[in-house]
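Quick one: the structure is below, and I'll ask about it shortly.
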Amino acid sequence: SAHAQEKKPVRVGFSIAQTGPLSGAGKSGLLALQIWRDDVNGRGGLLGRPVELIVYDDQSNAATVPGIYSKLLDVDKVDLLIGPYSSNLTAPVMPMVKQRNLLLIGNFALDANARLRHDKYFSSLPSASADQWAAPFFDLAKQLQGKAVALLAADAEFAQTLAGGARNEAKKRGMQLVYDQTYPPATVDFSSMLRALRVKQPDAIFVAGYPSDSAAIVRAVKEIGVGDSVKLFGGGMVGLQNAPVMQSLGSTLNGVVNYHTWVPEKSLEFPGVSSFLARYQARAKDANVDALGYYLPPFNYAIGQMLEQAVTATKSLDHKLLAKYLHDNAINTIVGTVRFNEMGEWSQSRMIYIQFRALADKNLDQFRGPGKQVVVAPAAHKTGDIVPFAAARK
Amino acid sequence: MVKLSVNAIDAGYGAVHVLSGVSLEIRESETVALLGTNGNGKSTLMKCIMGLTPVTRGSIVLEDDEERIDLTTKSTQEIVALGIALVPEGRRLFPKLTVHENLLLGAFRAGARTEMQRNLDRCYAAFPVLRERSGQLAYSMSGGQQQMLAIARAVMSSPRILLVDEPSVGLSPMLVKQTMDMIGTLKRELGLTVLMAEQNFHETSRIADRGYVLVHGQIAFEGKNLQELLHSDLVKRHYLGA
Amino acid sequence: MSLELLVEAVVSGILLGGFYAAVSLGLSVAFGLLDVPHIAHPTLLVVGAYATYALAQLGIDPIAAGFMLMPAFFVIGVGLYRFYHALFERRGGDIALRGLAFFFGIAFIIEVVLILVFGVDQRLVEAAYIGSSVQLAGLQMPSRMLIAFALAGLLTLLLSTYLSRTFTGRAIKAVAQDQTALALMGADPVRIKQSAFGIATATCAIAGALLIIVGPVEPGMGRLYIGGTFCVAVLAGLGSMKGTLLAGLILGITESLVLTSLGTSWAPAVSFGLLLVVLAIRPSGLFGR
Amino acid sequence: MRNWSRFLIGATLSVLLALGLTRFVGNEYFFFATYVVLQFIVLATAWNILGGYGGYVNFGASAFFAVGAYCAVALTQSYALALPLQILAAALVTGLLGFAVGALTLRLRGIYFSIATVAVAVICETVIMNWSFVGGARGTTVLQPAAPAFFSSYTRLLFFVMALLALLAVAFARFVETSWIGRGLRAIRDNEEAAESVGVPTLKLKLFAATASGALMGAAGAPFALYMNFIEPTSAFSLNYSVSALAMPLIGGSANWLGPVIGAILLAGTQQIVTVTISSELNVLIVGLLLVVFVVAAPHGILGLWHKLVARGGQRP
Amino acid sequence: MSAPLLQVGALFKRFGGFTALAAVSFDVPAGQRLGIIGPNGSGKTTLINCICGTLRHDNGSVRLSGVDVSALPTYRRTRLGLARSFQIPRPFYSMSVAQNIAVALEYGVGRRRVHASAARKEGLTVLDRLGLTAKANADVGSLTQVDLRRLELARALATQPRLLILDEVMAGLSSVEVDDMLETLASLNREGITIVMIEHIMRAIMGFSQRVICLDAGSIVADGEPAAVINSAIVQKIYLGG
C-alpha cells in the first residue's frame, strides 16, 4: 500500500449535514464513511489508488447543495459521488447528475428518482417508496384486527411524504382514517392533540415525526394515555433510533412499534456488521456522535461497499460501467446482499418494524443485545410476534 | 458648615471650549443666582459640578465640618450621595414611568430613603397637580407639569445643595412665583443651599442672596449682595431691559 | 368539539402558556426594560438546558439544577452585559441595530460551542415528574407542564414585586429611558443595567431547565424560539412582567385550542395572526406604556 | 448629474462584464457561487431602502424572498410563464405584501414594527406549508428548462439575470437615496412627527419604500426554485435571509447604496467560501465572529470606517 | 368677505377619561398676531397639535381659509401654509442645521424641485434671520436648548407658511434675546405671516400680541385686547396669581 499512497487518490465527494437539524444522523453517517475509507485504504485502496473523501457541510439547508455539488464536480473534479443525507437535500442534486449523466448513490433519500428516472441513481435506503415504508405497519394493524387508524404527522418534508404512504396503505387494507392531522414544527405540548385523538377511539396510531416531537409524543402518551382501543402505536418516528433518546426514554418506549433499519437481532446479523459497529462505537465518543450507531452508519458504510465492489469488479471509474454493474449484480454489504431495480431502489424492501420490549430506565447497554427491540415485521426478518400495545406496556 | 467652591475650572466638549477659569463659591443656606445669556456656559458649569462633564483644569471642592472633597475626582453617583442634586435643563424625566415612580426614584440615594414619605408629602403639597396625576406617565404631562415634576424629583433626594437649571422655563407666571416661593421655603426651613441659573431675573431677585454673571464662559461680574447685582450694568443691560 | 375537550384544551393551554411565559420573562427584562436587543436570549435558554443536562448526568434533579445554576448564569449575564456595554453603549451610535447583529453573532458562537461540547444529538433528562401526570379535578395533566406553569407564576411574582417595590427594581425600570437622569438620582446606570441583565440571564437557568424537562433539546434549538419569545415579550407590552405571563397564557390557550380543534397545522398562523391583531388594536402591546 | 453619468457608465460596463463572464468563464461553479452573492446584493439593497433609509427594520425578509420564489413556482406550475414574467409577477405580489407591511407602519413603530414583520413571515410560511399545489411542506421539483442559445447552461442565464437584477436594485436604491425621497425617508427616521409637520408625506413615503423594498426582495427570490431545481419551505424561509438582509447593510454601511453591496459581497462571499473550505460547524462560528467583529470595529459600516480613514489620511499633509 | 385664515370650531379632545379640550372655538383673521396663554396643562399644546393634525381631535372642526382640514394629514396642512414649532424641540438629529432646513424647504410647499444653489441661498436667509448662520454646519446634537428652539422656528419658516404657530419658542431666553426674537417675529408679521404664539413670558405676550386668548382646563376663559385679558379677574386668578 505504500505504493498506493503515491498515486493520485480516488476522490469520493459528497455533502452531509454537520450542523442544523439533520446533523445528528449526518455526523454519525460521516464517521461510518470515514471508517470505510480507512478500511479500503488499508486494503490497498481502489484500483491501487488511495481513497480520499471530499466532504462539505450543507448545514441541513437545501439551498447550499447546488453550489456544493457544482464545486465537487467542477472544481474538485471528484471521481465518485454520494448524495447528501436526506431526501430534501438530494432533490437539487438529481437534475445535475442526470444532466451530466453521472452515477449517484443516494444517502437515505426517499423516492428521490421518481420524477427524473435517472438510470445511474442507486439508493442506500432499504425502502423504495413511502408506501413500501409504511406497509409493514399496516400489515401488523391488520393482524391485530385494526380498522380505525389515526394519523399524526409533522408539517415537514419527510413526515408528510411518509404520511402520504400511510394513507395509501390504510386505504388499500380498507381501514378507516378516523383522525388525520398535521402538527407544526416546534410543537411543545402534545396533550391537546392526544386528547382530541383519543376521542376517536382508533385501533392503531401512526405517527410520522422528527426527533424532538417523537420523544415528546411518546412521553405525552405515557402521561395522557391514548385510550384502551389502541392496539398498535408507533410508525415513522425519527429519533427513536438515537442512543441518547432511547436511553432517556427507557421504559416509556415499551410497546411502541417503530420503523428501523438495523437492530442487534439474530435475523439481521449480516457478515461484517458487528465488526463494523465495534469499530464505530470505539470511535463514536471522540467524534461526539451517536454511541450505538444502529440507524444510518451501517448503511453509509454500505454505500462505500457498493462503490468499492463496482469499481473493483469493473476495474474502472467509468460511471456508465459502474452503473451497469450495480444494476446487474448483487452487492454484498454489511447490511446484507442488495439488488437494485431499474429505478435504482432496492428490489426487495428491507424496512423493518421493531417493538420495544421490557426496557428498564437509564440503561444504554440494554439496547446492545437482542430481545429489547424485537423485529415484528416483515416476516422475512421477524424475531418475535407483535404484542398489543397495552399488554406490551405492562 | 457646608461650602461648595469652584476654583478656576476649564471645561468643554471635545474641541469646543466652554468654560475658562471659572471660580465661584456657594455657602450654606445661600441662594446664589447664576446669570448669563444663551450659550454662555451656565448649564455646562452645573454639569461640571455634578460630574457629568469632565473638568480639564481646576477643582471643585465640597467642604463641610469634617472633610474637603474634590468633586472632580468623583462620579456622579458619589456626588449625589454627598447631598448635591440637580434639576437639569430639559427636565430629563423618565418618560414612561408614572409621576409617582419618578418621584420615588428621586429618593434613590441612601440618605434620602428614610425621609421619603416626608419629602413626598412636601412635594405633593407644593404641586397638588402631581398628586392628582400621580398615575399618569411623565411624557404625557404638559410642559409645565413636567417642569414641576423635575423640581419635585430633585427635592425628593433631600439635598444639602440644590442646583437648579432654569426652573421657570415653561411655567406659567403664577407657578414661577410658587416655585420660587417653594425654593425660598426650602432654604428657610431646611437650610438648603441653592445655585440657580435663571433668566427670569425679576422673580429670581425675590429669593437670591447674591449672584454671578457668566459671559463667554468667564465670570464677568460678581454681585456680593442683591443690591450690587441689581445695580450692575451687565444685569441692567441684559435682564432689566434698560 | 365537546365541552370536556374544550375545558381540557384551555387547561392545557394555560399550562403551556406558563411555559411560554417562563422562557420569555428574561427577555422581557433584558429587551423590554433595558432595551438591549438580546436576540441571543433563546440561545442562552438552550445553554441553560444543556447545563441542566450536565448536572442531571451527575444525578441532580433538573429543577434543583436549574436553581443551582442561577448564580452562575447571573455572573454570565453580568459578563455578557459588560462586554456589550464596553463595545456598544459606551461608544454610542445606532446601537439598536448593531446590537441585534452583535447578539446574532454571539448566538451563533454559543451554538458552535454547544456543538463542540455536547455534540449535535438531542438530549433529554429523566425525573419522576417527567412522563407522569396528575389528576386535577377530573383532568389529567402532565406533571412537567404543571411545574412549568408553577415556576412561571413564581418567577413573575418575584420579578414584578422586585421591580415595583425596591429602589433597585424601580431604577431598572428607569435605566433605559434616561441614563444621565438616573445618574442624577444617585444610581450607577451601568451597574443597574448589569445586575438587571444578570437577573434576566439567571432566569434562563430555570427556563432552560424547563426547556429540557418539557422536551429534548439540541444546540440549534434557540433559533426556533426567537419568534415565540419575542412575540410574547412584545405582546406583553415591553417590560411588563405580568403582561408577559398574560401574553404567554393567551398564546398557549390559542395554540392549544387550535391544536385540539381541526386544522392543527394552522396553529402558528393563528398565534402570530393574533399578535398582529393585538398590535393593531394596542400598538404598544397589552401592558405597553 | 455628472455622478449619474459616471454611475451609468459603470452600470453598462458591469452588464457587459457579466455577459462576458457567461461566455468566457469555463468553471460552472463560479456561476453557482456568484449567483448567491448577487442574490444577497439584491436582498440587502432592497432591505436597506426601508430599513436603512427609513429606519423601519424589517425582520421578515425571508418571507418576501420565499413568497417571491413560490409565486414564480406557482406560475410555472400553472402557466409555464417565461422567467422575466415570473420575476415581474413575483415582484408584483411581494410589492403588494410590502405595501401591507408598509400599512403596519401607520400604527407600529420601532421594535413593534419589526416583530409584526416576523409575524407576517410566520403566517406566510404556514400558508405555504399548507398549500399542496406548490408541494406544501414536502416541496416540489422545478426543473430548469433548456438554456437559451446564447448561454451554455441555464445557471449561467440565471447568473446573468441576477446580475441585471442586482444592478437594477442598486440603481434604484441610489436614485432613492440621492433624491427627495431619500431625504424625506431620512427625516422620517429621525423624527416622524417633525417630518410630517414640515410637509413630508410620511405615510406615502413609507408605503413607497416598503412596496419597493418588498418587490425587490421578491424579485431576488423569484429564480430561487430554478436555481435549485427544487423548492421547499424550510430552506426558502430560512432565518438566514432575514439575518443577512439586515446584517449586510449594517456591515457595509446603511447610509449609502454602496454599503449593502459591500456587506453582501463580504458576508455572502465569505459564507460561500467557508461552505466549501472549512465546511464544518466552524462555518457557523465564522459567521458569528464576522458579525461581532464588524459591528464592533466599524460602527458605521465599512464605508464609515473608510471615510474615517480617508479623512484622517487627508488631514496629514 | 373672505373667510378668516384659521377657524377653530367646537374642538374636543380627550385622553382616556380626561378631557383636554372642551369645545374650543375661535377665529384668526389673516395678518393677526395672536397670543395664547393659560396655566400649565390647560391644553394649549394639545390645541396646536389638533390644529396641525399631530393629534386627531375627537369632535369639532379646523378650517384654513374656509377649507375644512380636519381630515387632512399634517403634511397637507403644512403645504396649505400651516407651520408649527414643537414645545420640546424635535430636530432631525442625524442632520446638520442646514440640512434640517433643507428638508423643510424641499417639502414645505408642495414638493418642488429646489435648485441646489437656490435652496442653499434660501436656507441661509432663514438661518440668518434667526442668528443660526454660524452654526449652519453644526451637528444638531451640539446646540444649546435655546438654539434648538431657534432651529424649530427656522425650520417652520422654511416651509413658507401663511400661518405660523409657535409653542414657547422664547422659553429660556434672556430679556435681550426675547427682544431680538420679538423683532424677528414682528418683521415676519409685517411680511404678511399670521402668527399664533403660545408663551408664558408676559413681556413677550404683551409686547407682541394684538389679541390674547386664555385657556383654562381646556376651555377659553378670556379673549380680547391684551390689556383687557391680562387685567381680567379670572386671568389674574388662574394665571398670574396676582
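A, B, C, D and E are the chain letters, set down in written order, and residue numbers restart from 1 in every chain.
Please note the rule applied: a residue touches a chain if its C-beta (ideal position, glycine included) is under 8 Å from a C-beta of that chain, and two chains touch if they have at least 3 such contacts.
For clarity, every value in this text was computed on a predicted model and none was experimentally measured.
Counted as hops between touching chains, the shortest connection from chain C to chain E is 2. In summary, the chains found to touch both chain C and chain D are A.
In this assembly, A is the chain whose CA centroid lies farthest from the centroid of chain B.
Interface comparison, A-C versus B-E: the pair with the greater number of contacting C-beta pairs is A-C. In this assembly, the C-alpha centroid of chain B lies 53 Å from the C-alpha centroid of chain D. The centroid of the Cα atoms in chain A and the matching centroid in chain E are 75 Å apart.
Here the CA centre of chain A is 37 Å from the CA centre of chain D. Centroids built from CA atoms put chain C at 43 Å from chain B. Contact of a single residue of chain D with at least two other chains is seen at positions 126, 129-130, 281, 284.
Across the assembly, chain E contributes no residue in contact with two or more other chains.
The set of chain C residues touching two or more other chains comprises 115-116, 265, 268. Taken pair by pair, the chains that touch are A-C, A-D, B-C, B-E, C-D, D-E.
Residues 15, 37-42, 44-45, 87-88, 142, 144-147, 168, 171-177, 179, 200, 202-203, 238-241 of chain E are the ones touching chain B in the complex. Within the complex, the chain D residues that touch chain C are 57, 104, 107-112, 115-116, 118-120, 122-123, 125-127, 129-130, 239, 243, 246-247, 250-251, 254, 281-282, 284-285, 287-292, 294-296, 299-300.
On the chain D side of its complex with chain E, the touching residues are 180, 183-184, 186-187, 189-191, 193-203.
Residues of chain A touching chain C in their complex: 18-21, 23-24, 26-27, 155, 181-189, 191-193, 195-196, 199, 211-212, 215-216, 219-220, 222-225, 239, 242-245, 248-250, 252, 288-290, 361-362.
Touching chain D in their complex are the following residues of chain A: 18-19, 55-59, 61-68, 70-71, 73-75, 88, 91-92, 94-96, 115, 155-157, 159-161, 182, 184.
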